[in-house]
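Common to both upcoming complexes is chain A, partnered first by chain B, then by chain C.
Now for the complex of A and B:
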């Protein structure tokens, strides 16, 4: 809640002296796009192997039911069927999936195929592998399961009531985990504040809906005794332990490969269940096994975001200063804890948002229900928390008769307080946030729209203006999971990279990350080109991740907006080390006075005598082949490996810690018009200002902003899962689950401020997720439109019917 | 997303198609496949045989007959109809319904005959056909033809007056509307490409003073078949339309509606919006009939 101490700042400060700033910041054409726009991407379904077999699943039509028996005889007689497994068959072949939850939730038994009972609609009950996908689906549709339906629980609050149906009998409760946070003197502020403002909010259930569904090809090579798993998992290293244990094969025998991935948005963190199943089947059959999810399977059973309900109170001064926040939150994590309850810690600790709020208390529960298991969807956990805080800001402003932009300006962290330490120990790295807000308001003609709003209202037109600020906390410190389970041996947040100058003077780069369309090949190449000062076109970045060739840690992957702060930092370090070696060899080869050499534009020359120069290609040949020309004693080759380690620490006994390396900042100003007779909203103006530190490539950054806006808009107005009281998902295809198209997404004005992060060597910050700012902005605008009617929105989704009911003053 | 096994036939004449339809029990006719194939891939339908009509010549046309009628072959694509100047100038309601039908991929494959025979209660074209007083021509074996007025064609959700296993739709005939006529189609949906939550087709003709001589107001997505709001038509009859009259007609025309509820909208919302759309459609259709609005 104040400027961080100089000691802490110096721990985090990074050296960026190897940057030349010749290649960073340029709108270079993304390296990936040439193949992608021509339909030449390399996705899992493009993997075609000889003798490949195909998997399909029989899935539960019930949300909760006992499996009394499974008869596979009809299915087994379908021509081409090679293998049918039920949960019982799987139980003989593998241990249950490990649980990251504390006891007693840890007692939950989770297999990729249901054993004894099903716990959500769409849960796989049996797997068929056959000669063709058609045969596999024909057989899967003929598996006869005898179900005994059980009482269903689909509401997180009801799930905690005594006598609620138990999702996992062996757990004895539906509580997954409970964490209580209290930072600062919350009680004091609530006693002494001028007023207390309250609200209840619900962050609804939706998904990421990537273009490419979950997919895997597992290929067991009996001769080499190697299992190759082509997958589209976002963090395959996180799951290698499970694969290795399930297959009883050591890491050097299990090769996990990702290539192009058609979007992930967090949904692909938990597709390891299919990786395990396909691998086991491939080993059993000694044939490659492919599985590609259908869209219905993806929407119904892949991964939803955790729904969150929060009861929030704010201690507020009459001048608009927000002193403290107190809240109770419940996450509905669905039927299995496969990724969650991680959301209990991600941003729960900085739910003070972008504001100088002095104290925070959060009583947080995560709960099992009979719904699809949840994971981290784009804007994970920050979005719901920032939603709460931004909704509260609007309510407080209305109570005080203040302009919503003004109350934000009053509470924003000030530039002179940067780097800023939050009550929970979060360390906001840099930025001039009030300046960003001013710029965005001006660009959106905020005052002009306020006047127009009044004018048009007199003509019967309903206009709403939303102004919100948000943040992408990026590059997570995984030690935060210790807040709900102190025993987890998983801390920090690191990433690896290899930069090699090959003997022809070109540069090869491998990354630890598994990008899903974020342009890592492009931005990594820009950093390498910038540091080595060689041509961008001479940099070749390997597509995707390969555990046999990529440099990794157990954190490796693409999630949590971590590439810019962690991945690019590793790339920078590897390139800087390589440059040092190139300089040493060049100085020796050129015999530069004092060994003082300059590497520039793909060449090396003596600083004292620039005529004495060589191109780096010659140096590369020397390093690999003409080794006797190298400095004596120096190791040949031009390999450079780096693993970036941020100075993260574990949370202390009060759960105080910095849990992300960088904090991007954004301001969205949106104007909506609502049809007074139908409730249909229409976006009239959208301005998004982003400060993501140093911009590596503006095309990539703007693309991410566009995507985050589209995603947020989708969540606010189009995408929402509807479960009925029996746990039936009512919208599991694209006819009913309304992912917006280009026709729905408005034109977006993207603005930037650029405040390099002092905590990363490149100055770049993570920014892909957008922090859900668009959700908050759109809902804020709709609520602003309805405010004169006293309408307040509780949920993060407002469809035209909800809006019309408010306009007409009728409840549902 | 793989259909269950089925037999596939590709006849080259209407006669052969009808013979197969009679012989192959449970067979389905395949036109553009924009609904049928999706249902089969979801395994909601598993017909034992498909009879593909795409190789039958002479079912794709839009032509004006001598007497002012327009005839449309059942296999004519949405896109071809949307691009047709004849449809656009003569039947703006139909043009708007086509323009707002699915997305371009759907319009490139879907056919008018397929849509009408499928009789989805939310499809764009059925209310338009009723509003325009279209005649639908069914073929039977032996060259026999039967003409069914659109009013009598749609019986229930996914059920038409076509005799199962014996008849197929081959042509749609649109009657001439007199000078001083106009119409419109309006649809409310969350996304542009969606089936409507509510849709309205309105068509009317007016006299020189703007008094309504004849009108047809037909809603979709609010009942199991196109819903003709005759009470609205009665209110309009003989009157000059203004905002108040349109509102009154809309109120009367939607009073008895009991629309379905689904995941996109409740019955309440459909009814509220139906009223609004009917009012707006009447106003625009009238202005078009008067020639004061495009």
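Now for the complex of A and C:
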């Protein structure tokens, strides 16, 4: 609501004095790419172990049905079958998955295999493990389940009506959680504003659809009594408690490993159900067990985003100043609360967008329906929040006859207000947002396109221009879940790293994260090279995560755009500490006057006498072997472990808190043309401006922007899940789901402003998810094209049918 | 019960990346499964079960094929090239170099298929336009890059290969 207080700013401010800025910002060729262009990545399905067995699943064809009986006899007679488990078998072996929801939703009983009834189409009903993948699938197809179909609920609003079918009978309601937050004097602004503008919006259901499906290999080693789980989970430490409990094995006996992961986009946060099943089966069979999802299983049953419906009103002044927002929202979280309802509060503070909006009220509900469980798909939570506010901005602009760029310019947080505190206690760290908007408009030739739009309209062509702003709020404060369940013992957002100079003078780095193509090996090496001032090629970053060797916290993982703000900060701290130790040993070895030594270019020399120098390799040898040459009393070795802890706090009694460490900024300007025959929009021009703080590697950053734009475009124009009224998913393969090809995604111009974050030591901000800005931009452009016809879009998906109805004047 | 389960094995002989291999496989074994699970060529990946994603693309007798849409027995006697066959004498193929230099990949899962489709495209059309490149990789989904840098890299590789020919 105003510039943050000096006390808060000083709490968050980070020291960056160890940076040399010699390696940051360079487009160094990504370390990961070398093995991947050679086809030498190590993905879970590439793991081949002796005596490995394979799992397959029988899944429910119904969205809601009672399981009256399961006959596995035909399946059991398929040659090569080793094990068949139903929900009943599983119940004897594990406790239900823990629920993070408040009561009564926490009474829901969630097993990785359906017990008593199925709650969404594609829910696993039985697991087969066999000698080969082919045999396992043969047998899974022979499992006979006697279902009694039950009434289905697929609409979130209907799910709350009295008498609606209950997804979880033991909960007694379909309500998962309700939270109400009110920040600032909302009532005052609504009473005194010049006008109130209203809208209803729907954020549709889609998924991330990484090209590599969920996969796991569980390998129980009876001799060592160690369970190794090779997985592609994005945050395996979040699920280690479940695994450990399910297997009744302590953490030091459960080794969770990720290597290369073929994309995640949030979908791979919840694949722990397969990790649990494969591990239990491996222990039972005393053989490694592999499971790899098929694409249909992935699209149907892995993870979707939560759909959101919002009723929004805005208190607005005639000059375009938006004073306050009031919303009532409803999230459709699907059949189980395996990750959601987190989205109802996560990054709630960006509901006021990038603007100086003074007050916000939101009455938020999350419900169960008979659809695939939901999780955090790329752009999670901030995307739908920002969708609502950006759609409102367009509507307000039209009401006032203002240009959509102008209304944004008027309301944007100003650079002099940075770091800026939002009504909810969010702390926007840095940026010159009006400048970024101007720059993007210029690069996109916005005024030129506006003129062209008029000309082309006269020729009967339907052109629309979208201009939106957004943020990828990044590096989450997990305490935000306390807003809907104050009892959850899960707060802050931390990450670990190890930086070790090995005795040969090379540098080994391990990370707590489980990247899926975000270039962590590259950017971590750049930060280490920069701090230690050693060569990038001398730095070796371990691929992926290994709970036996990586430094972790319970937050560890790759989600929430958290590597740049949290992971790289840990890397920086570990490298800076290592550098201090190297300096101390070097000063002693070189006998520098006053102990004043400079570390530079892989060498150390005395500041007063640069002739007295040594390479760091010698120092490393001394630290591990020739220890008598070290300063007396100093501990040998060059291991440096750091865990970065942001100064996050729990939400206060008014649910105010800063919920992310950094807030990158983006402006997207897009021009679309609508085909009057088909109603299909086509992109004519796409400009994306990004300010993600200090750019560590422009190749990596631009790549993330491209990817986020492509996902957003796809969601707005192509990808939308269609469920019928019986809960049948109608598009569960890549063709029906309309995953776009190179012919659909246009070329994208990316430009930057670069305002380092004062709250991270590297100055970098998280930016990988992109905040869903592309969805907003495309919908904004389509609506702009339809505006002369009075057409407004309710949804985040520009359905050609809806567009055609507007074009033909037949929309209701 | 007779139609379910393993069937009599068949002998298949394929030349992969210049070397002959033989194996006994079930008639229903997909070429991708034989390449990956039997012969150990894990470069090509499986990204779908319907032939849409292209992650499993390899060159078979000079043409790009989705190896999940070919039975291993159909490939009997064929010459196959996978991503592992692109390097020559420890040197990256210009396409691989260009993909690396242009960061034409993120997670790398689609990359082996993209590379082989691009290889096939350039073998037919050494100087493709952007539109032709996009058409050439239409059968290869990428969920990370928005194809921006892939298109750029294929263009750069074509240039590199043309330059190499002239020098």
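Please note the rule applied: the second predicted complex is superposed on the first by the 810 of 812 C-alpha atoms of A that agree within 3 Å, B and C clash if a C-alpha of one lies under 4 Å from a C-alpha of the other, contacts with A are read in each partner's own complex, and residues count from 1 in each chain.
To be clear about the criterion, a contact is a pair of C-beta atoms (placed from the backbone, for glycine too) under 8 Å apart; a residue touches a chain by one contact, two chains touch by 3 or more.
For clarity, every value in this text was computed on a predicted model and none was experimentally measured.
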{"item": "First (chain B), second (chain C), both or neither touched by A:30", "value": "second"}
{"item": "First (chain B), second (chain C), both or neither touched by A:138", "value": "both"}
{"item": "First, second, both or neither for A:224, with chain B first and chain C second", "value": "neither"}
{"item": "Dominant toucher of chain A (residue count), chain B or chain C", "value": "C"}
{"item": "Chain B versus chain C as contact partner of A:735, first or second or both or neither", "value": "both"}
{"item": "Contacts of A:717 with chain B and chain C, given as first, second, both or neither", "value": "first"}
{"item": "First, second, both or neither for A:743, with chain B first and chain C second", "value": "both"}
{"item": "Chain B versus chain C as contact partner of A:677, first or second or both or neither", "value": "first"}
{"item": "Partner chain(s) touched by A:39 [first = chain B, second = chain C, both, neither]", "value": "second"}
{"item": "Partner chain(s) touched by A:296 [first = chain B, second = chain C, both, neither]", "value": "both"}
{"item": "Set of chain A residues, in rising order, touched by both chain B and chain C", "value": "133-134, 138, 141, 294-296, 733, 735, 741, 743"}
{"item": "Footprint of chain B on chain A - complex, ascending", "value": "133-134, 137-138, 141, 294-296, 677-678, 680, 717-718, 722, 730-731, 733, 735-736, 738, 740-741, 743-744, 799-801, 804, 808, 810, 812"}
{"item": "Partner chain C, residues of chain A touching it in the complex", "value": "29-30, 32-41, 43, 45-46, 48, 74, 77-80, 132-135, 138, 141-142, 208-213, 260-263, 265, 292, 294-296, 516-519, 699-700, 702-704, 706-707, 709-711, 713, 733-735, 739, 741-743, 745, 747-748"}
{"item": "Complex contacts: residues of chain C adjacent to chain A", "value": "1, 4-6, 26, 28-29, 33, 36-37, 40-50, 52-53, 55, 82-84, 86-87, 92, 96, 99-103, 105-112, 115, 130, 133-135, 137-151"}
{"item": "Residues of chain B touching chain A in the complex", "value": "1-2, 4-5, 42-43, 103, 188, 190-195, 263-266, 268-269, 272-273, 276"}
